Amino acid sequence: MIDMASDFSKYGLVIGRFQPLHLGHMDVIRKCAEESEHLTIGIGSAQYSHTVENPFTAGERYLMIEETLKAEGITNYSIVPVEDLNRYSVWVSHVVSMCPPFTNVYSNNPFTRRLFMEAGFQVKESPLYNRSIYSGTEVRRRMVSGEDWHSLVPASVATVIDKIDGVGRLKSFIGKDAEL
Amino acid sequence: MIDMASDFSKYGLVIGRFQPLHLGHMDVIRKCAEESEHLTIGIGSAQYSHTVENPFTAGERYLMIEETLKAEGITNYSIVPVEDLNRYSVWVSHVVSMCPPFTNVYSNNPFTRRLFMEAGFQVKESPLYNRSIYSGTEVRRRMVSGEDWHSLVPASVATVIDKIDGVGRLKSFIGKDAEL
Amino acid sequence: MIDMASDFSKYGLVIGRFQPLHLGHMDVIRKCAEESEHLTIGIGSAQYSHTVENPFTAGERYLMIEETLKAEGITNYSIVPVEDLNRYSVWVSHVVSMCPPFTNVYSNNPFTRRLFMEAGFQVKESPLYNRSIYSGTEVRRRMVSGEDWHSLVPASVATVIDKIDGVGRLKSFIGKDAEL
Amino acid sequence: MIDMASDFSKYGLVIGRFQPLHLGHMDVIRKCAEESEHLTIGIGSAQYSHTVENPFTAGERYLMIEETLKAEGITNYSIVPVEDLNRYSVWVSHVVSMCPPFTNVYSNNPFTRRLFMEAGFQVKESPLYNRSIYSGTEVRRRMVSGEDWHSLVPASVATVIDKIDGVGRLKSFIGKDAEL
Amino acid sequence: MIDMASDFSKYGLVIGRFQPLHLGHMDVIRKCAEESEHLTIGIGSAQYSHTVENPFTAGERYLMIEETLKAEGITNYSIVPVEDLNRYSVWVSHVVSMCPPFTNVYSNNPFTRRLFMEAGFQVKESPLYNRSIYSGTEVRRRMVSGEDWHSLVPASVATVIDKIDGVGRLKSFIGKDAEL
Amino acid sequence: MIDMASDFSKYGLVIGRFQPLHLGHMDVIRKCAEESEHLTIGIGSAQYSHTVENPFTAGERYLMIEETLKAEGITNYSIVPVEDLNRYSVWVSHVVSMCPPFTNVYSNNPFTRRLFMEAGFQVKESPLYNRSIYSGTEVRRRMVSGEDWHSLVPASVATVIDKIDGVGRLKSFIGKDAEL
C-alpha cells in the first residue's frame, strides 16, 4: 500500500517480447525483483501473434509469466502488455503511460537503453545469461525442428505451450505466404 | 501453477475504464474475485488519458487498482490494460488476445453483455451498486467542483490521485478547446 | 466482359452507410442501375458496427443489399465495403482504390458532391425521396421504440434484420456507456 | 432471396490477395462455386497497392475477378475487399464482419486453415493446382522480365492489366527505394 | 546557422489548429517571434480537413501562415504540420519529434500548458487578445452566415480563402450527414 | 505575398527522407529552388526515427535542412514533414493535403514519378548526382564504421548530427533485436 511519503526510486521495469519466456529471462526477472521494491514486467509487441517472430498472444505470454512467478513465489510484480506504436520517438512516453510508475530500467539491449536514457531514465544493466542457448529464437527453432525445447523454459511455460498446442501453431507458419 | 488437468471454467473477467476505480467497482471486484479461481481485471480505453471522460493513464489506473487490492488482501487477479480498437466487431477477440484465459464475463452493461454473448461467452451478472453516487462521472464531477470525492473511492485510490495532482489535471481540461 | 475498346463513361457509383438499406435508397439504386452500364454500391463506414449510428456490420449490410437486388432482378452491380480513414483529404482517392472503375457519382449530399467535384469527378443528382420517413435514423428509431419499421425497408432487409435479431442488438445500446 | 428457414451451411469463403487472379485461382474458385450455394471471394491486403508484392489496388483486382466470373457465367458469388489489420488475433472476426455469412472456408494454406479452425470454422481443402507455374509471384516476375505472362491468367485479367498498364507500373518499382 | 556553442534556450513554440489564422493569432505570433531567436509554429490536427471544426487542409493553413509572415517581414520561423495521434500521453513527445528544437512553449490554453509542464518544458503566457471576436469559431460562423469575416483575418489569409472557395466549402458541410 | 492573379505554375515539390540531407540532395534542391518561384521540400517517413534506415526524427531533419538553406542564402522554400500512411493509392492526395500548393514535382525516382503522373502532375527530372557516393545509405554506413562521413554532407548537417550524437545513436542500433 502506498505510503504518501514513499517515492518510486526502487521501482523497476524490464520489458521484452517473451516469445516465449525462457530460463535466461527468468535469471533477469528473479534478480531484478530481488533488488527492486516492485518490478513491472512489460510485454512488448503486445498486439502481434501468430507469426514466426511473435507466435503467442499477449494473453498467452501473460499467463506464462504469471504462472512461472507464482511457482517461484515472486509476488512484487506487475505484468503489463504494451502494444507497439511503431514510432520510437514516442515509445518511452507510451511505456510510461501504460505502466505503474518506475524509476530504474533494466536492460542490456543498447537500443532500449539509449531510448530510455535519451528520455532521462536511470538505466541499469540486467544480469547476463548465455544468449546463444537461451533465446526466444532458439526456443522457437527447436519447437519447429522437433528438438528438445522444454529444457530451455520454466516448467509452467512448457505446460502452457503444450496446452495451447504452441508447436502445432508454429509449424503452421511454414507456408504462411503460399496462396489460397 | 497450472495443473495440466485444470481448465479455466472458474476464471473470470471484469472490464471497465475505472476512471477512477471507486467503491462501487470494488463491490463487484471483491465479489467476483471470491467466486472465481482467478479474476482478470481489464482496463479499457487504455490509450486514452488527459480528457474529461478519461483523465488517468492506464498506468495510473493500474496502480490504483493494484494498491487497493493489496490493501484488501485480494491476490487471485491479473490486471490488463486493453486499448480501444474502435471496432466493436473484433473487440471480444481483441480482449481475449490481450488477457489470460477466462470463461465467465461479469457485467451488467447490456452492450458488453451482448458482445460477449454474441461471441459465445458465459455472461454473469455483477453485483448491483448505487450507480447515481458511485460512478466515475460523479467522482470526476466532484473533483472539479471541489466537493467531497474521497468518500466515494478506496483510500489507496485517493492517495494515488492526490499524489499525481489528479484534481489539478481535471481542472486544466476546462478551456481545453480554447485556442492558442 | 471488358471489350478493350470500351471505356467506363457509363459506370456509376453510389455510396452510403445503409444502416439499414431502406426503400428510399432502393429508389436511388434502381434508377442509377437503370441508367448506368454498371453501378458500384459503396458501403461506407465499413469497419463500424454495434453503435446507435452504425448497428450493422459491413457483411450484414452487404447481405441486405445483395438479397434485395437479387429479388428485384438487378444484376449490373458491384458491392464494395469501404472503411473510413477519417481523413477527408484522401477519401476520394481511397474510394477509387477500393472500387471497380466509375465515372459518374450519384449523390444529393452536398458534402459528398463537393469532395468528388474537387477531385474532378462528374457528379449527378440522385433521385429525391421523402427523407423524413425513409431514413436510416427513422428506421432505427422505430426499431427501438417498437413501432412499425418493416414497411420502410425491402422485404429481404427485414428478413436479414430479423434473422440476426437486429432489434435486440439496437436495444442493447441503451445503457452502453454505463459502467461495469 | 433468403428463405427464413434457410441456413448458411453451404455458404463458402475463399480469400487471397489475387495479385493478380490467375488460372490456378480460377480452378479453385470454379470448383468451390460449384459445390457452394454461395461463394464469397475475399480480396485480402486490400489497402495495399503499388508494391512488388501487391501491385494492384483492391478495385483493380475486384474488376479482374468480376470480369472473369462474368465471362465464365458464374453468378453465385460476392466479392469483398478486406483490409489487413496486421493483428492475426482478430483477423477471423474481422473477415466475418466484412463478409456476408459463410460456414465453409476453402484453403490449403496451413496458416489460414489454422486461424479459421482456432475460431471454430469448418475448413475444407481447395483444389490443388501447379503452384510453381500458377502463382502471383511467377506472373509478376514474367511481367517484369518481358516473358509470356498472358497464358497464366484468364483473358479478362490480361485485358484489365493491359488497360491499366500494369507492366509499366511493375517496372516502375525497380529503383523504388532510390533517393529523390 | 547553428553556432556549435549555441543552445536553444531562446527557441520557442506556439501550436494551434489555425482554422483559419486570424488577427488574434497574429498578435501572439508577432510577439513571440520578437522575443525568440526562432519560433516554431505548429499546425495541429494536421490530417483533418473538410469538417466544420477543421475546414482547411494543413497545406492550405501552411500557405496562409507563410504568406502572412512574408507580408509582415517576419523570417525567424519554421512551420510544422503536426498530425493528431489522439493519445495525449505521448503528444508532447510527438510534437518534439516533428519540430525543430524549442525550449519555451507559448500558450494560455490550460490544457496545452499542463501537458508541456508535466513533460518538463518551460511554459510562458502568450499575449491576450479578444477571444469573443477573434476566434476560428467566429470566423467560420461569419463565413457561413454571410457576415463580414475579412476584417478578422490578415489580408493574405482572406486572399487564400477566397482563392480556394473556402466559403463554398464550409457551406457544403450543412447537410453533411444526410444520406446518399 | 500572393497576388490574386498569380497561379502556382512555378511552384515545385521535391520529397525524400533525407536521412540525412547530403551534398547530392543539395545539388537537387539548389537547382530546383533556382528555377521555381517557390519550392516545397517534403520530409517523407516523418514519423519514423531511431532505426537503421531512418535514424533521425522529422524535427532533426527539418533543422538540418533549414540550417543548410540559411547558410546558402536560399529563402524561397517551405519544409513539410509528411508521415507515411503506408497506402500508396492515397499518397499523392496526402502529400497535396499536407503541403502548400505545387505544380511541378522534381524526381528521378521512377516510382515517385509514376505515382505523381498517375495523379495528373507535371513531373520533371531532378539533377543527377553520383548516387554511389552521395546517398543516405552510404553516409550512415560510414557513420557506423568510423569512416569519413563529414565530407558527404553540408557543414550545417554535420554540426547538427554531432550535436545530437547521431553517430552514437546509429551505433546503438547494432543489437537492437537482442532480447532484454
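Order as written gives the chain letters A, B, C, D, E and F; numbering starts at 1 within each chain.
Criterion: a contact is a pair of C-beta atoms (placed from the backbone, for glycine too) under 8 Å apart; a residue touches a chain by one contact, two chains touch by 3 or more.
Since the model is a prediction, treat every value here as computed from it, not as a measurement.
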Intersection of the contact lists for chain C and chain E: B, F
Chains touching both chain C and chain F: D, E
Most distant chain from chain A by Cα centroid: C
Chain separated most widely from chain D, comparing mean CA positions: E
Higher-contact pair (C-beta pairs counted), B-D versus A-F: A-F
Classification of the chain B:chain E interface as same or different, half of numbers criterion: different
Mean-CA-position distance for chain B and chain A (Å): 24
Euclidean distance of C-alpha centroids - chain A vs chain D, Å: 37
Chain B, residues touching no fewer than two other chains: 47, 49, 57, 87, 89, 96-97
Touching pairs among all chains present in the structure: A-B, A-D, A-E, A-F, B-C, B-D, B-E, C-D, C-E, C-F, D-F, E-F
Chain D - residues contacting chain A, complex: 14-17, 24-25, 28, 86-89, 106-111, 113-115, 126, 131, 135-136
Complex contacts: residues of chain F adjacent to chain C: 85, 87, 89-90, 92-94, 96-97
Complex interface listing, chain A residues touching chain D: 47-51, 57, 168-169, 171-176, 178-180
Complex contact set, residues of chain D against chain C: 1-2, 4, 46-47, 49, 57-59, 62-63, 66-67, 70-71, 75, 78-81, 83, 96-101, 156, 159-160, 162-163
